[in-house]
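These are the structures, in structure tokens.
Consider the two complexes below, in which chain A is the common component and chain B and chain C are the respective partners.
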Partner chain A sequence: MSLTSPLFFAFLAAVVVAYNISASVPYRRTVLGLANAFFIGSYLTDIIQALPLLGFLLLGYVCVRVLEVWKAAVALGLGVLSVLVCYVFLKRFSFFEDLGHLPFPYLMIGLSYILFRILHMMVDVRSGDLSERIGPLAFFRYTCNFLCFVSGPIQRYQDFRATDGVAAFDLDSAKVYDAFARIITGYVKFVIVAATAEYGFSFLKPQLLQAADLPVLKLYGLYAAAASLYTVYLYYNFSGYMDIVIGSGILLGQELPENFDRPFSARTFLEFWQRWHMTLSQWFKFYLFNPLVMLLMSWFPAPALTAYLGVLAFFVTFLVMGVWHGTTAVFVIYGLLMGAGASVNKLWQVAWTGRLGKKRYRALTDRTAYIYFSRGITIAYFVLALTCLWVPELSDFDRLIGRLGLTGILGPFLAIGGAFALFWFVTDRIVPHLTTPTFLLSIRDSLIGRNLSLASKMMAIVVITTLLHKSPDFVYKAF
Partner chain B sequence: MKHILRQAALTFVSFAFLYATLGALSFLMFPDSASEGQRDFQNAEQTLYMTVPKYVFLGRSVLNSPAEKAILVGASNTGVGFIQKTIQSKLACAKVSNLAVGGANISEAKQIIDMVHEVQSQADRPSNTFVIGVWFGMFVDSDVKYADPDRNRGETDIDLEKYRYGFYRRTLEGPAALLPASWLDAGVLAIRPILVIEKMAREARAGVNLLLTGRKSAQRNEAEREAAGMSEQDKKKALDYWNEAMGKRNEISLGQVEVLKNTIETLLRSGERVVLIDLPIPAWHRDASPFQRSYEQAFTDVSRQFDGQRSFVSMSMSDLSKEQDYSDEVHAKRHLADVWSDRLANVLNPFVCRTSPEQARVSLRGSDQFKAETHQ
Partner chain C sequence: MDQAQIYSKLSTVFREVFDEDDLGLEPETTADDVDGWDSLSHIRLVLAVSKAFGIKFSASEIGNLKNVGEFVELIGKKTT
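The block that comes next holds the complex of A and B.
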């Protein structure tokens, strides 16, 4: 079910109404369970396509239940291994082709995020952070929550459980308006900004990849423009999707975690990942980075090494996070680039803190030139690294990088970084001086003004949707 | 729950208010031009509909009348080559509409014919004369022709218009109507606010273009086309383009030839008349293109197949192939379009306006300007 389809709107409206009709907890949980099943069913043309997903869920549930009674490390290790093998098999990673595959088409949407939820439950059950016994229906409602099914956010079970069909939740007219506004803003991002960027990107990409004899400057320009447009598309598509599901969650009493916090204002690569796809970053921090640092520290306990172990752990964590994004060899390159970005960033911090001391290093990072320089290179690095996501075949990727050469990468890197730094510099100088006249503010904030503002956005969404020749799709669905 | 319902109602009412306001505005800005059975669809840009495919799709209900009609379908060379007003002025007995859509292949021309039928009753069909303008560039399979990155492969411009406003839905078999054709005008009325915003957006873009480049669009106007010529390099580019665009090596799509045959057969069977025109292209293009030979063979085959049917006539204007009469490798300049239009009017007059085929035959023989055949 596409988020922009009339079926989704009808479905969402029906679920919200059905959920809020009664305050009975069992009733509300039944509504959520049925909604999840209907949502997943909308992706199927044959029930057999759901069997692998059901098998994966069953395996995860069995692992969680086993860990409730057998909390040994070996049990967790075996459980994690079996779930990962099953996941890799079902996702058909190109470098594990020898594993073979099922001889029929099946549903793969949602598998990645279900994996995160299952692993989190297993680890938390074993550590005792999750002590309650989890029933199969609660497990299904959590792992297959239709709002987060396709692409998150990754919510902890404990947080989900706190709002799972609760009898009363605090919902006043202001909160409901905010929820509506959030959903509509999400669609503005998704349908207008992201789709427009994708429109431009889809015209530039074939020119970049197919044309053989482009003049050098045009090639570099095309690459910089295509990479930038893809980033705009990715961000607004994904963050728009998040606004839609978080806003919808409010109407269903769910407090879904935020996934973005102005990522393009980040000054460092590590800060960027604290603001971009935050629930994924946090998941990796809790379940990979922290255990890895602890393990490395137990192997190399010398305090002088601690910072460098952190660098290594960052590299491994970001490498795995990058590889998770796709099933081809190019995603290993993406992982290496992410790992390199994170570890070099950490190494830089360690080196300069050691050289200047914490106070002077902080003073350095607060200098205007440093701020905009680091913002520029952070974003430029991320923008160019994303090339792996839009050129996922190794042969195409190889050919593109070969044609660009070092100059073709450095040139766009500097151009994007410079443009971005300049943009932020100008924005930071101008925006604080912009003020809206009081009478306009009072009109905007009045009941009529607020609702006409929503209606105008809806009108813009309808118009742009009709202008597009293809329905916009959710980009992270593929990951 | 009450907060949710209240907010839903407020949002709905605000949206409805805005929508109705824009709808009213659309009538003030673009009053509905009542037209009796004809419109100059090539003038889409001046209307609320903006583009020919949209105008053809949304404005075709005017063709629902028992009056005699001459309806032109084809690609852009039919659009610019046959001037609706010129033909209309010489064809008193029928209403002339030029429904040619730029870049159309035979399948899309057939879609347009089908759309006309959708809004007409079976009884009115014998009043139709379909003029189908063809050249080799129209015989390309849809999967090859319509493969831009911003559309689903194989979807024609008409398909896009069908899906755009939800009047049709996508199915594996192609567009399936959600809105019955009899409700077309009501549907168009309902989407007028959207059309007016689209129109405003397009005008704004044209304004920006004018500001930045000194012209509203990249398309050449009539005077520029009249003055245009092609260098040897332009000609080579054009040949390369068509070699690439045809998707086959040296021959046209036989599938499209079949579509044309079936279309003509269906039209004749339902009592409609067909004028099939072999549209000329400049001689240099005709002689250099590897596709022309298979096209000419196909045109002859199709013409022969319907030879002897009183409602069919084929027409060729191969003598009109001087390079200087064309603005590019396909399109006739305005002065040549006047000649094309005259010739077509001369064919249509006896064919459409006189009921006796003999009269038509005599009239056609009387003209030495064109080569045409009628078949009884």
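The block that comes next holds the complex of A and C.
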């Protein structure tokens, strides 16, 4: 069920109405459970296609229940291993083709995010952070919450449980308006900004990847434009999706976590990853990066080694994150590029802190030129590294990089970095001085003004959808 | 162990980890207030606190600590 399909609107409206008819907790939980089952069912043409997903859920549930009574490290290790092997088999990773695959088509959407939820439950049950007994229906409502099923956000079970069909939820007019405003903003991002960027990207990509030789400057320009448009498409598609599901969650009493916090305003690569796909970053930080660094530090306790142990942990974490994004070798390159970005960032901080001292280094990072320079290179690096996501086949990727050469990568890098630095410099200097006349603010904030604003956004969505002649799909569904 | 004792012992650990002899701790102190308190030194700090107080922290406890006040509260719970 696509988020832009009439079926989804009808489905969401029906679920919201059914959910809010009664304040009974068992009733509301039944509605949510049925909604999840219907949502998943919309992707199936045959019930057999759901069997691998059901098997994966059953395995996860058994592991969680076993860990409730057997909290040994070996139990957690065996559980994590069995869930990962099952996941890798079902996702058909190209590295493990020898494992074979099931002889029928089946549903793979949602598996990646269900994996994170199951692993989180297993670790937290074993550590005692999650002490309550989890029933099979609660497990299903959490792991297959239709709002988060396709691509998150990755909510902790403890936070989900606090709002799971709770009777105290009261839907007043202000909440309904906020929810609709958030949902419509999401559709504006999704259907207008992201779809327009994708339109441009889809036009440029074939020209860039075509076999014929292009003039050098045209090749570099095409690459810079295609990489930038893809980034705009990815961000607005994903953050628009988040607005839609978070807004829909308000109508169902769910407080879903945010996934983005103005990532393109980040001053460093490490800060960028605290603002981009935040629930995924946090999951990896909690369950892979932190335990790995702890392990390494317990083996090598010398403080002087901290940064180097961190570099190793960054590489491992981003490598796993990269491989999670896709099943080809290019995603390994993506993970290594992200790990390299984080590592260089950390080593740079350590080197200059050692050279200048903490206070002088902080003063350096607060200088205007430093701020915009670091913002520019942070975003340019990320934009070019994303090439791995839109050229996922190794042969295509290899050919493109070969044609571009070092100059063809460095040129677009400097151009994109310069453009971003200039954009932020101008924005930071001009925007604070812009003031809206008081009468316009009062019109905007009035009941009519607010609703007219929403209506005009909806009209714009209809117009752009008609012009583009296509219904956009959610990009992260593929990961 | 009462809160004053925890603050006293925790301050010693902080000063050793961040190599600042005049580092003072308040309940509202966060990573932004201490030079060098980043994701890596946070782990070193957690290891040092675990050793000093003889306690263990879970993955989400380590990741969810917002300020020194929460840290002290958590240590208090684990040492009682």
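One rule holds for everything that comes next: the second predicted complex is superposed on the first by the 475 of 479 C-alpha atoms of A that agree within 3 Å, B and C clash if a C-alpha of one lies under 4 Å from a C-alpha of the other, contacts with A are read in each partner's own complex, and residues count from 1 in each chain.
Definition applied: contacts are C-beta pairs under 8 Å (C-beta built on N, C-alpha and C of every residue); 3 or more make two chains touch, one makes a residue touch a chain.
Every value quoted in this text rests on a predicted model; they were computed, and no experiment measured them.
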Combined model on chain A: chain C and chain B, fit or clash: fit
Chain B versus chain C as contact partner of A:467, first or second or both or neither: first
Which of chain B and chain C A:458 touches, first, second, both or neither: first
Partner chain in contact with A:16 - chain B first, chain C second, else both or neither: first
Touched partner set for A:205, first chain B, second chain C, both or neither: first
Apex chain A: angle to the C-alpha centres of chain B and chain C, given in degrees as a multiple of 10: 170
Which of chain B and chain C A:58 touches, first, second, both or neither: neither
First (chain B), second (chain C), both or neither touched by A:102: neither
Which of chain B and chain C A:177 touches, first, second, both or neither: first
Touched partner set for A:123, first chain B, second chain C, both or neither: second
Partner chain(s) touched by A:72 [first = chain B, second = chain C, both, neither]: neither
Superposition-derived minimum Cα distance between chain C and chain B (Å): 34
Common interface positions of chain A, toward chain B and toward chain C: none
Touching residues (chain side chain A, partner chain B) in the complex: 6, 13, 16-17, 20-21, 171-173, 175-177, 180, 199, 202-203, 205-206, 251, 447-448, 451-452, 454-456, 458-459, 462-463, 466-470
Chain A contact footprint on chain B (complex, rising order): 1, 3-4, 6-8, 10-11, 13-15, 17-19, 22, 149-152, 155, 160, 164-166, 191, 193-194, 197-198, 201
Of all residues in chain C, those that touch chain A in their complex: 35-36, 38-41, 43-44, 46-47, 58-63
Contact footprint of chain C on chain A as seen in their complex: 123-124, 127-129, 156, 270, 282, 285-287, 289-291, 293-294, 297-298, 303, 306-307, 309-310, 346, 349, 353, 358-359, 362
